[in-house]
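Look for chain A in each of the two complexes below; its partner is chain B in the first and chain C in the second.
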Partner chain A sequence: MLRLPAFTFHQPETIEEAVALLATDPAHTRVVAGGTDLFPNMKRRHQGAESVVSLRGIDALHGITESKDGSVIIGATTTLDAITRDEQIQQKYPSLVTAVASISSPVLRNAGTIGGNLCLDTRCTYYNQNEEWRRSIDYCMKEQGDICWVAPSSPRCWAVSSGDSVPMLCALGAEITLVSSEGERTLPLAELFRDDGIDYLSKRPDEILTTIRIPSPSGARTGFWKLRRRGSIDFGVLSVAVSGWCNGNTTDRIEIWLGSVGSTPVRCTASIAALIGKPLDDETIAAAAALARKSAGANPLGNTDFVPQWRGKMIEKYVEAVLREVAGLPRQRMVPRHGSEKWPS
Partner chain B sequence: MSDAVHPDDEEGPVTSDQLRLIGTPFRRVDGRAKVTGQTRFADDLSFPRMVHMKLVRSTVPHANIVSIDTSKASAMAGVVGLLTGESMPDPFGILPVSQDEHALCIDKVRFVGDPVVAVAALTEDQAHEAALAVEVEYQPLETIATVEEAIATPEPRIHDYGDEGNLHKKLSMEFGDVDAGFEEADQIFEDVMYFEGNTHLPMEQHATVALTEETDRITVYSSTQTPHYLHRSLAKVLGLPAARIRVIACPNGGGFGGKSDPFNHEICAAKMALTLGRPVKICLTREEVFYCHRGRHPVLMKIRTGVKKDGTLTAQHLQTALDGGAYGSYGVASTYYTGALQTVTYDLPKYRFESIRAFTNKPPCGPKRGHGTPQPRFAFEVHLDKIAHQLAIDPAQLRLQQLVAADSVTSNWLKVGSMGLGKCIEAVVEGSGWNQRHGKMPEGRGLGLACGSYLSGAGLPIYWNHMPQSGVQLQLDRSGGVALFCGETEIGQGSDSVIAAITAEILGIDLKDIRLCVADTDLTPVDLGSYSSRVTLMAGNAAIEAAERARTLVARGAAKKLDVPARELVFAEGRVFHGENPEHGLSFQEAVIEAESRFGTLGTTGSYTPPRSPGRYRGAGVGPSPAYSYSAAVVEAEVDPATGIYRIEHVWMAHDVGKCINPALVMGQIEGSVYMGLGEAMMEEQVFRRLPKKRSGALVHKHPSMLEYKSPTFAEMPPVTSYIIEDPDPNGPFGAKEVGQGPLLPMMPAVANAIFDAVGVRVDQVPIAPHMIRQAIEAREKGKPGRFGPKSFPEIEFGVPLKVPTPAEGGDGKATNVDDAGVRSGTGTMTERKDAVKGEN
Partner chain C sequence: MSQQSTTRTLRVNGEPQQVAFAVHHSLLEVLREELGLTGTKHGCELGECGTCTVLIDGKPVLSCLELAAECEGRSIETVEGMMQGNQLHPLQSCFADLGAAQCGYCTPGILLAAQALLAENDSPTRDQIVEALSGNLCRCTGYHKILEAIEWAAARLRGDDQYQPPNSAIYGDPVPGKQAKDV
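After this line comes the complex of A and B, so read on.
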């Protein structure tokens, strides 16, 4: 089998200990929680570390709590499986359950954490390969090389942001807290991400993501659809998350986010603008969906599964489908299998 | 070999006329060990002082090796051994005509993944680090990625043998007067279709452990489907007498044809063990399994068929072009198989078949479940669906009205025995509600029907010889237990259970009293291996022979004691008794004691050699089988026309297995075939990526991982209704035919046909991705044909075909123009080539 390279493993019990460990040599230290992303990457040698700091021994990072203002705080090392089973989350944010249940497979959701999903390394079929394979293409700019093979004349890396919980949490207006030995800061989740396949997080290497706070849904209607080849295991090649607040027939506020279409989650600003103050009906939805791809600037490239042209066309279809679901309109599309379906008893 | 039967002895006994085990869903003999984790796969083995080996594989697709620098690696911690190609100069390969592989490349590498250096170290981690430290300098050569490039690029040659340039094989044959056949037709239909390559994806990665025992002897444990062929290759490359090499095939965690070749890592492990005098283990990574490959050939096909107004087929001309990858493997056989079995389902009175197999700089293709036949079967069954649609004949009826007759000889001289395809079609038509639903459901919902047929073992062995293809040896003793020795290999298909059950049935004893010793070249009679769906029929017949001989011996012992003629004894329920007076008898153990007392140590053997096929032309060696299985499927699809996304909602699969030895195992094989076929129809593709040529010479597997090589999950698997059809074949044990491969064949065309029924467009290739359906729909919306698929077949000069008159034309199975058939411009230099083609003409 593929072997992990040697490294020093730390398992601190407090956040203070963890950030102190990170502060000593942040450039050669990595944080691990579930290990479902980092360890395969280390086996394939495209992520390396001299030491790895595990967060799993820190009780304070684990669990789901409700605040007085109705928001919910999720500790970063809460497993994806625990989130899908949490009654509060199921009740308040059903589409978050759909999104999280669509991540990978049941086995990996038992290990993988929500913090890990947010910080997931960007993915690319020229990059997520083993060392020998990458030697065969003389590497790429994300690691050791100097070219982006999916867009060879591009100065930047186009690896794809693939965390399936990301667009849904962005649409719900989540905030995160980052802690380092120098203190802590809180920022909107959307600001965690940068539009660059290499430098894709605004989190510094010496910082730890500790909590995710999701505001009270206060009547939002939500929806989440994910496009992928299979009904389990696969990363998305497109995910659409919508959270809409309507007053009677009028849309007061709506958030439409796309995942897995670029190096960062994408907010469909033109589609959102087209819907504000209008009812969600066949026509407005079709019009807003038609704007999604262009307004998002999302331009799928050939570095994931499926042909990029078709993936691009699916943005409109999927945005329309999720908006219709949020609006309670009849279904036109085949609903993807997300992994949250109940097994027949 | 003597089993002490004297010519003057009385006749043998009878078994109970009622089968007690055969036909029941008895528990498989290895079931408990498998589900409790006790089965020892090759990777589970460990021996004192064992070291671990890794292979350094080429990172370039086609190049001369300039230099190999192992100095850094050899100085690394724990490294104990390094091998390069010079230490194993003799080539090997599964077919005598394609001895084109080396255990480690010597002068040249031919694909990314070709092994160059073997490194052994005390731990697997150390071996891995050392492998990464080996430096190889390459001088790049022009690469060939496709059949079209191979045709256009005769030089430089990937190999210095083959029919011409970079074409490994080129063949052309004609059965009957095909032009006259087309003239009889009212209409000629033509299609160009493509079947993408895919791989086996067994759960178990290949693993081998080699160790030296005593002096000059080596034992090799391996996850191989073909211990006997591995044995031969080891003897050849290691230069050791075969009698000093022992190969033990461990139970395979799935094979599907992917463990049927002798492999580099097996030979290197043996060589390393001999060199170091220590046990050596290698377990391949998943990436390496993709590089071993030997999977489904990508095949481009052109199919032309003459049809009368009533749907009767008058002639067919099939052309196939196979992308073979970098080595021969089973490729010559695969090439013939893309044409050989077109004739065994529907009457095809005249048939011309032309084919090429190209060498390309990619992992070698070979046999995957269905070996060479799923591709033309896909083309034929979709083609028939179009013909039926065009002629407004029901697709099921079109097939039923021209089924090949049982006990007949086809136009290409294949002898068909039992033939249950009609019953298969009727079963799935009935079960699926075909007559009420096909062509009548709302847009987006469709049913597709397709059929198939497969061999129950290839008629000829891979190397020419007159010896049996399977042997069984039984040893009976006073314990009442029966030891069964057979070279067959359990690859998950249930072959251990089948031969044990056949033996237990005949001797009338409990399955638990059979002790199995299988797949060990030191101890067990040769069986050619678990490939070509041959084991139930061939090892099963050998087991019958051995068991009947044993029964005769035991009966004669018991007869004396019971004072009853042996021929009146019955063996059942662990007893040997008088048929007319069941109370009068002995336990099986007592009967064995009587026989052992009378005859001494008890042992019998049985063996099986297939009947000779009537074909006598060059190429007639591929296609014959003692019996053909038949399958029919109806698939129900739901398609979203706006996106092209589709799902398979239900599969009805009927399979004519001749006689069902164990319905649980048969249904398992049917469902497994449905699953694998679904993958090939919907998503599986072994595809490659060439980087922009001006920037890079890279040509790499696009996604050698189980995450990105898409194979269906539970979520894609639809409900399957299986129908076991029994049309016993006189050549099969108890009438049994194969089930391991046949039910795969109808899946791919049935899916394509169901999509047509749902949305009215044709995707003439597999796997069928949603964008293909969408593009076909968009084409139709623009007034163009609603089709996605290949546009043309390359222009190839096939020359004068080998002409073989059909049985109906009064032929004798021989070709009439051996001397002027124009395709044999072969430049092969293989020494065994002559032997291999012997008997083909």
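After this line comes the complex of A and C, so read on.
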């Protein structure tokens, strides 16, 4: 048996109780929601905690509500499965359903939560291994060691930001709320992430994520594609999320985001600038897709499945495919398997 | 670090049982080691294979990533609870009759994932079955007979006794390129 290390366990019923528990010793305490990221990591002994605080018993963190301005608020411990089955989300943010349905596998989505997906640990072939494996080549700098095995001369860690809901929620302009015993703050989701494989969140250890607010889509056309080896279970090596607002022949506003190509979600600023005010047609899309590959932060290295050069090339191909889908142009590539989109609500 | 233990009442296959365990133990460990229910298998123990699947409040989840301490007050169903008295569940008898289990290691998890699917959809399409099982790996059968057995069991559960799995599912296709028909 691959067992968890011993810890003390807390099951608070309110947010106040939970943040008070975290405030006592944030450096040695971790919160758990679905446990589908934290527990494998603790079993492999690359994340540890003396004390674990479960958020599952806190009713206030759970569920999906619509507010008067048409935005939708999702509680952090809402399961991924519940999101894919929610009629409001299906209707307003169909590409979010595609993105969430592409995460892990149906059994894992019954436990995994949206908050856990946003706070997911960064991933790397040299890190997501058991203790014996890591000891045998010597630990890397993300955990205990001094060196990065992917880029040995590099002073930093390049572990990969892999939450598949992240690029889609960034493209939709989502905001999050973080709560600690000192109060609460609301920030754009994109500001939660830092371009550093070790210190990948701007969230403090004593803060918990309570809600995600997605503004009303008001006419946005959206798309999401994910690249991975198998159609289930595997983490992605690239995800592309687009949300575009077009008026007749011109693109008023467009958001293009990449996931799993670096330590942080990547906004394709040059591609976006190239499309504003232009129609979405074969030429403009091809040009924007070519720019996407050069976006700052999009830096596939040898620490995930597949060869980095090919993953780089696929950024261009997938951005082109998703933009074509958003523009309603004919498909030129096979759509990947994204999971249970057609399940009943 | 010293272990914190706890005593909880877990309702497994309809029966409430008081059980003592360390708080960091997974439901999988408690089912197998404290309750002696070894029908639930342990494979990767990291969420990647699905063989430890059980139903919690009717939903299939991975018992290797679930803390037993979080399961109090929830209804847990394992493969041991599928039989009614001496009667196999239709999924179990269809799996047995079609040879949908070879080594059998993946079978308990797949039976439960299939049971949950059929509870919400009594006539799933082939694609919906594939999707529902896409977190459960089988290294032996090639999945074909598993899918046929679930379709057969679904028909039996709907009361359709006329349904027959295709001959190729029972006898295989002995000559490449030819269908095993009229056997």
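Odds and ends about this structure:
Quick note on the criterion: the second predicted complex is superposed on the first by the 338 of 345 C-alpha atoms of A that agree within 3 Å, B and C clash if a C-alpha of one lies under 4 Å from a C-alpha of the other, contacts with A are read in each partner's own complex, and residues count from 1 in each chain.
In the analysis below, a residue touches a chain if its C-beta (ideal position, glycine included) is under 8 Å from a C-beta of that chain, and two chains touch if they have at least 3 such contacts.
Just so it is clear, the structure is predicted and the values come from calculations on it, not from any experiment.
In the superposed model, A:A273 makes contact with neither chain B nor chain C. Judged by the touch definition given at the top, the superposed model places A:L187 against neither chain B nor chain C.
In the superposed model, A:R333 makes contact with chain B only, not with chain C. With both structures placed on the common chain, the touch criterion links A:A111 to chain C but leaves chain B unconnected.
When both complexes are overlaid on chain A, the residue A:S54 reaches chain C alone and has no touch with chain B.
Once chain A of one complex is fitted onto chain A of the other, the partner contacts of A:I233 extend to both chain B and chain C.
Shared-chain residue A:K317: touches chain B; no touch with chain C. In the superposed model, A:I137 lies in contact with chain B only, and not with chain C.
Under the contact criterion defined above, the residues of chain A that touch both chain B in one complex and chain C in the other are 1-3, 5-6, 105, 231-233, 339.
Residues 1-4, 6, 22-26, 29, 42, 44-48, 50, 53, 59-62, 65-67, 69-70, 113, 120-121, 128, 131-132, 134-137 of chain C are the ones that touch chain A when the two sit in their complex. Within the complex formed with chain B, the residues of chain A that make contact are 1-3, 5-6, 105, 125, 128-133, 135-138, 147, 149, 152, 229-234, 305-307, 309-310, 313-314, 317, 332-334, 337, 339.
Interface residues of chain B, counted against chain A in their complex, comprise 57, 59-60, 112, 124-125, 128-129, 132, 205, 283, 285-287, 638, 640, 642-645, 647, 683, 691-692, 695-696, 698, 700-705, 707-708, 710, 712-716, 769-771, 774. On the chain A side of its complex with chain C, the touching residues are 1-9, 11, 34-36, 39-40, 43-44, 50, 52, 54, 56, 81, 104-108, 110-111, 231-233, 339-340, 342-344.
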